[in-house]
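To start, the structure under review is shown below, and the notes come after it.
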Amino acid sequence: MKLTALLIAIEVGGTVAFATSGLIEAMRKRMDVVGVFSVAFVSAFGGGTVRDLLLDRRPLFWVEHEAYLWLVFAMVITAPWWLKAALRDAGSRLMDGADAFGLGLFAISGTSIAVAAGMSPGVSVLMGATTAIVGGVARDVLCNEVPKVYQDHRPYALCAVAGSLAFLGLGELGLGSELASLAGIAVATGSRLLAIAFDWQLPGWRLPQK
Amino acid sequence: MKLTALLIAIEVGGTVAFATSGLIEAMRKRMDVVGVFSVAFVSAFGGGTVRDLLLDRRPLFWVEHEAYLWLVFAMVITAPWWLKAALRDAGSRLMDGADAFGLGLFAISGTSIAVAAGMSPGVSVLMGATTAIVGGVARDVLCNEVPKVYQDHRPYALCAVAGSLAFLGLGELGLGSELASLAGIAVATGSRLLAIAFDWQLPGWRLPQK
Amino acid sequence: MKLTALLIAIEVGGTVAFATSGLIEAMRKRMDVVGVFSVAFVSAFGGGTVRDLLLDRRPLFWVEHEAYLWLVFAMVITAPWWLKAALRDAGSRLMDGADAFGLGLFAISGTSIAVAAGMSPGVSVLMGATTAIVGGVARDVLCNEVPKVYQDHRPYALCAVAGSLAFLGLGELGLGSELASLAGIAVATGSRLLAIAFDWQLPGWRLPQK
């Protein structure tokens, strides 16, 4: 019961963080209210929607939990009032933290939904990463940018993969699925926060010169 | 019977208008025949396809009504002959009108298909707007542009939403579904035509300065 | 038995060629390992995934044949070692050949899967072309480019269509499906190789001047 409440709180936080990233990006592109709403929506729900489409899972998670739709709707409508304060007072630290929690939760929820749908471990880890990053990729494609998560060189998707592997490994070792979920989220979110704090860099890959 | 014929005429007009917008955009980018065909096809059928995928609805509407595929195919093949005349004689007024009718019809058909699939009113309105705008969004993404519908600042998606709300509200009040459909299309198409005629503007949203 | 082995060899070759095209494009954009893996994966599997989604076909082909996932994974991980040699020794000729074989195989497999799913000849040819080109289109969209296959002016998708038509036509004439498949692949791949060798050009379509 308490655990469920905790997971819901993390999910709300992650959804808010992902939607906010879309909202800010859309405003930077001087989009109108339709663009801002669309990009915020795609950022928050794109990853889970693609996961549900690939797994042929209905109802889609935002049809099942329609409250999330209305949450993002309310966020966009009220953005002129809270966005300035959020940007000034909290800088990007609050956003980075919420985003890291969203990353962990979305990765583990994607992985465990794929396992429940009978997918192999490899495909399940891929579904976890898909759930975590596709929203941001779609946001950047709609804003006509190369996806940041592909060029950032700070581990992001790899943290999702690490969390998913921890979740699957601990489950294999006999840990209950709730504890394994928490541990997986901790690994994904924790490694992401460490990557930000210590500015870990992935090696760049260059095309060999002929 | 007469009503069905009217709706089919509107649907043909909307499909032609959406396909033409893709065709023109692809030619501006100097695409070859494959690009022109692909972008015209995506513009005309993208919104309905995404709606059908999200609702898990098969056969897809363009598999069920394959004649629309061949209509767009014939349009693209014959474009060198009619496009010049269309651009010169009618300016963009004919296009704007056909596009506004397409907007209205696609919004109401999307909403009513979602209602028939058991979706809530909120999700149904979203499906209507998705049906109406996703084709144009995909067209612009393929042409490597920020979607026009997100930056236009003239109401477009909002007209679709207004029409869908009118359709649902009148149905709720006991109006037959055919009359409610016509009223919804009238609201969406009419408000769009007014927005063009009087140059209505949506407020721009800017990121607050820090 | 021998035929199956041949088809698998062609499929492996096509998958490798498509993944390599994504890998090179991602490196040109200086993406990190996550970007390189994502773009390689989307290039290799995007077309078949969209085909499976449109036909509502599960398990997805890369869930059914998970070995292809691991093949691309291994390719990306080992790219720093083999890519230089591949670029230097073979130029783009090896790539063009493998890509042409992939084009043929993906077109025919897409068409025959659509026929098996009860689609009409027109829709089946469209599914063949979709299977063959959507991976490359998605690769270019993720790299923030106009899809090359839309602007190349050298026949590519048209070769896929020619092969699919040959496959359907020969099947209609009573040829066995294996022989018709081989003939279709030969037409698609052969016409593509001829288009490269003789630099065939599609006419450019320009917007008429007003």
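So that you can tell them apart, the chains are marked A, B and C in the order they are listed, and the count of residues begins at 1 in each.
Note that a contact is a pair of C-beta atoms (placed from the backbone, for glycine too) under 8 Å apart; a residue touches a chain by one contact, two chains touch by 3 or more.
Bear in mind that the values here come from a model prediction, so they are computed numbers and not experimental data.
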Equivalent-chain rotation between chain C and chain B, CA atoms, steps of 5 degrees: 120
Copies chain B and chain A - interface residue numbers shared by over half, same or different: different
Chain A and chain B, separation of their C-alpha mean positions in angstrom: 31
Where chain A touches two or more other chains, by residue: 53, 56, 141, 144
Chain A - residues contacting chain B, complex: 24, 26-36, 38-39, 49, 53, 56, 58, 60, 63, 66, 69-70, 79-80, 83-84, 87-88, 141-144
Parts of chain B lying in touch with chain A, wherever the complex brings them together: 53-54, 56, 119-120, 122-123, 126, 133, 137, 141, 144-147, 149-153, 156-158, 202-208, 210
